[in-house]
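Same chain, two partners: chain A is paired with chain B first, then with chain C.
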Partner chain A sequence: MLGRRQKQEKWMLLAPAMFVLALITMVPLANTLWLSFTDTRITAIAAPVHFIGLENYIYALTDPDFQAALYRTLYFTIVSVGLEGVLGIAVAVLLNQPFRGRLVLRALIILPWAVPTIVNAVAWRLIYQPDYGALNSLLYQLGLISDYRSWIGDPSTAMNMVILADVWKNFPLVAYVALAALQTVPDDLLKAAAIEGASPWKRFRSITLPWIAGPLLVVMVLRTIEAFRVFDIIYVMTSGGPADSTKTASFFIYQEYFNYLRSGSGASYAVLVAGISAVLILVYYSAAKRQAAGGTA
Partner chain B sequence: MPENPILCIDKLQKTYGDVPILKDIAISMDPGEFLVLVGPSGCGKSTLLNCISGLTGISSGSITIAGRDRTHAEPADRDIAMVFQSYALFPNMSVERNIGFGLEVRKVPEREKKSKVADVAKLLKIEHLLQRKPAELSGGQRQRVAMGRALVRDPELFLFDEPLSNLDAKLRVSMRTEIKRIHQTTGASFVYVTHDQIEAMTLATRIVVMKDGVIQQIGTPNEIYNRPVNAFVADFMGAPSMNLMKGTVTRQADGIRLEIPAPQGSTIELTDYDTAPDRLPAGPAEVLIGLRPEAMTDQARADGRSVQVADCVLDVVEPAGADTYAVVHLGGTEAIARLSADTPVAAGQVTPIAFDLSKISYFDVSSGTRL
Partner chain C sequence: MRRSLLQSVLVYLCALMLAVFTAGPLLWLAVMSVSMPTDLTEVPLRWIPSDLDFSRYGALLDVADGSGRHFLSALRNSILTAGGATAIALLVAIPAAYSFSRRKASMVLLFAFLATIMMPPITYILPLYSAFSSLGLLNKTVTLVIVYAAMLLPFAIWLMKANIDVLPVEVEQAALMEGASTAFTLRKVVLPLALPAIAATAMLSFLVAWDEFFYALIFTNDLSAKTLPVAIADFAAGRVTDYGVIASVGVMATLPPAILAIAFQKFIVSGLVAGSVKG
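Let's look at the complex of A and B:
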């Protein structure tokens, strides 16, 4: 047990760090929360600010455009994080097998992740380019398409194309974490399971996957949070278009602030998105707990 | 007629690249035997076990288990179970699921699986642990679960890879007894790898002593202990190990005359009346004379024929409770004599030591082979 003095000392030692933390995270958060209950606008001349209660929230929750943006964000998050997970694990399993040139390949695989998002977005915009893009050229020469297409100019394909670019950039992170975790799976466990007669797939499901579930979950949570607030790749590749088909929640909020200059209502959208992110994280963690407690059935 | 062997290994070779790991291994094991593979680190005993299990492929030769050629079979198809040094329990599964994993994989009906797991849990006295996770168990309990997982499938052959090495000394002894009891009650066939020669002696019905990938000797614990085929086996098996003293032997009409050099130019002279003289060179020839510590003891047991007395200078005296070990410089080595704890001895003292020559072994000085 800590004595009274020691307790005081503990708080005194923590105080500077907590003060800085409060300054850089709590103040903006509180400010945003306050803004969301006002009709603040970003204007050149100082306009009077009114407290308007829940009005912004009521508007936001009934705004069909915002709902559509949320659905798009959800779609982007689920599909891209899902693909990154599957691809990441698969690549990690491959890279965990002994073969010649494994070290080189392990080093190379991180490259997409090391590229800045903006650069990645520009590169993929070039790949998707309707007149001389590499994707058109490739698919045309393979005979899979008969005409060049505008992949990100078509509302029906734009979102999936952005997702593809995002997956390419981010699956290496999942692969790296999964690979690091795979290397800690004790050989004896897999040997024991093999002797007990488990097939490779059963060994993966019953032994390997539960073993790497913890670290994998952490990286998936990180990726989910990142994907849910996706902005930069969309800003560069499509600017939310065409016909709003890639307009995600973050982009919607950005427009509310900086195109329509309504920082009050923009803040209310932002708070809502943050709330949804928090719920997503909670869902993940409860799933993780179940996994750790029960294993796979 | 002996029964068909449960395990038959013939001309087995294993190489990694150009490095031979196992050389010309041949073992035939009867059902119900407790075969212990023992040897120093790097002797290939664990590799041999992995070859039997199928976890490691072999370079040439054959492995037959229960009459069926399993040389190239998958581990799962060999009808074997294995207990690992690390226990290799699945951390995300309960004890019950760990034990029943093999049955689960083989799609044994739920009720049958439950009753089999319960039977094994009862045999191993771990019924109360079935719902726990491996992390919540002590080392000894994990060991039991690992054995349970092996026992529940009732395979033809059980493989143990140093299963007691991770336990503390006291638990190791009690688990050793437990393993022996399970072997006796189930009558199953065990192949057991250890580097601990006491484990080998206490558990085995037959011991395989290995060194540098070559089988040195296969025999009952008694044979290995009393009639080691070479100086390596003599030295490796037994604690303290056999005293290997350089000495000169000369054939005489009534026996073999031994001269063992002692400090300060003196010599101990004994006559072995029991060994057939023609097994040894006509002499005088230098040989390694092997006598276990318990064959060098108090003079009370001397009879003047098999057990002869000679005075020795005690270099170091080590009381060990029931016995006192005395180090004597003989034949260029520090020979250990095992004296009764009641014998009053002190370092530097000249004490008569009784040599039991009926227990003597002779080895060639250069090759180490038994003469």
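Let's look at the complex of A and C:
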């Protein structure tokens, strides 16, 4: 039991952290919420601000441009995280096999994780460069394309190219989590199944995969939360273009704020995005909690 | 289980593909940074440089050079920002972590802390921008330090709490019985034992701050506060005709985190795995 002095201390020890977080996150969140009900604009001279109720939300929810941006964000998130999951598992299964150079390879794949997000974006932009880029040259020399292409200058390929760059940077995290989980799969179980005549694929499907599903789910939900707020890589690689084909929700709101200076309207989009994120965060906690409680499914 | 020859070949083939996929882009970035400018504009490309050209690194490290001044001030700002934020985050996180671990502060509160930084920064950006603007705090390193400290705080608390949880509680209790204050116990008993955990937390925090772009983009606008990620985005967006310059800045910005990541691989990987799975 805690004494009274200790109960007081409990809060005193927490106070600085609560103060910092309130100041930098809670107050701005409340402020954004307030702004979303107003017609505030970013102006050099203070202009009168009107409370306009749900008007921004009614506009936002029927705005086809915002819907398109949300749809693109969804596409980016699902494809990125999906590929990271598949690649992550495949890499983990590979690194769980004994072979020469295994430890070196396991160390090597931390590098994409360590590369700063912006450097990753810049590097891939150079690789995709339409006139002198490495991807064009490589595919041309392999005979796979006959003409150089504008990979991120073409609306039909731009988003997938950004996704490839994002997957390269983020698959290591999933791979490390999957590998850590794989190393806890009991060998006896796999051996017994092999003796019973189960094929490798069957053993993987019905023993390995369910065993690692818990931690894998948690890390993929975490990646989903991160991918959903994607901004940096888009800003550097495509600035939302070409023809808005990579304009995701965060980038859309960024423009609403800092290009069009409509802070009230922008705030309503931001609140909507925050709401979706809040749902994802709740999913994350319930998945993480179940995982901590020792569930494997 | 023994593998057949075919299976072995398959394993090595996959390993090779993974190595190429992982190292390829980085290797190419490094090669670009030391290629002759004309090699980089050949069609198709000259993959092996005709001659090595290290002059771009020389220019980047030279204050008298235009790009060098940009790079060096961004490097200084990044070190100050990430270092300052890490120090403040730890200073605030350790007592909080102790409260969660030993004073039974509610875990719901810790989850709420973590939730605040999992939200998209776009939700916080405008009010912060307005506030810093009216306080005259835009384009200042100290502003980024405060924002980054808040951003690092929840994860630092969580990591420190997990580590304090496994420390033996008996010594602390003995110290408290003897009449030592909590502050004294924290400083003299807990901190020395938690030193490895503090180092690991500090390193991960530093790397996260080193990587941050969005807040830095909005809150800074010139050499006095711009960090490396913003400077690199500038380099890439600017009218640089030599792609090797952009590549060399990228290599320089990658070196510190890459060296840390390789050197402390075990530390980092276990921190990452625990951090992302155990919630």
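What to note about this one:
FYI, the second predicted complex is superposed on the first by the 252 of 297 C-alpha atoms of A that agree within 3 Å, B and C clash if a C-alpha of one lies under 4 Å from a C-alpha of the other, contacts with A are read in each partner's own complex, and residues count from 1 in each chain.
To be clear about the criterion, contacts are C-beta pairs under 8 Å (C-beta built on N, C-alpha and C of every residue); 3 or more make two chains touch, one makes a residue touch a chain.
Note that the structure is a prediction, hence the values are computed from the model and not measured.
In the superposition on chain A, A:I207 makes contact with chain B only, while chain C stays out of contact range. In the superposition on chain A, contact is made by A:P186 with chain B only, not with chain C. By the touch criterion defined above, A:A68 reaches neither chain B nor chain C. Contact with both chain B and chain C is seen for A:A194 once the two complexes are overlaid on the shared chain. Judged by the touch definition given at the top, the superposed model places A:S277 against chain C, while chain B stays out of reach.
Counting the residues of chain A touched by each of chain B and chain C gives the higher count for C. By the touch criterion defined above, A:I78 reaches neither chain B nor chain C.
In the superposition on chain A, the residues of chain A contacting both chain B and chain C are 191, 194, 292. Residues 1, 8, 11-12, 14-15, 18-19, 21-23, 25-26, 28-29, 32, 40-45, 47, 92-93, 95-96, 98-100, 103-105, 109, 111, 113, 115-128, 130-131, 146-147, 149-151, 153-154, 157, 182, 207, 210-211, 213-214, 217-218, 228-229, 232-233, 235-237, 243, 246-247, 250, 253-254, 257-258, 260-262, 265, 268-269, 272-273, 276-279 of chain C are the ones that touch chain A when the two sit in their complex. If you check the complex, the residues on chain A that touch chain C are 2, 6-7, 9-11, 13-14, 16-17, 20-21, 23-29, 31-32, 35, 90-91, 94, 97, 99, 101-102, 105, 107-119, 121-127, 129, 131-132, 134, 136-137, 140-141, 148, 168, 173, 176-177, 180, 191, 194, 215, 218-219, 222, 225, 228-229, 231-232, 235-236, 249-250, 253-254, 257-258, 263, 266-267, 270-271, 273-274, 277-278, 281, 284-285, 287-289, 291-292.
In the complex of the two chains, the chain A residues touching chain B come out as 186, 188-189, 191-199, 202, 206-207, 210-211, 292, 295-296.
Remark: chain B residues 53-55, 74-76, 80-82, 84-86, 88, 90-93, 97, 101-102, 105-106, 149, 153 touch chain A in the complex.
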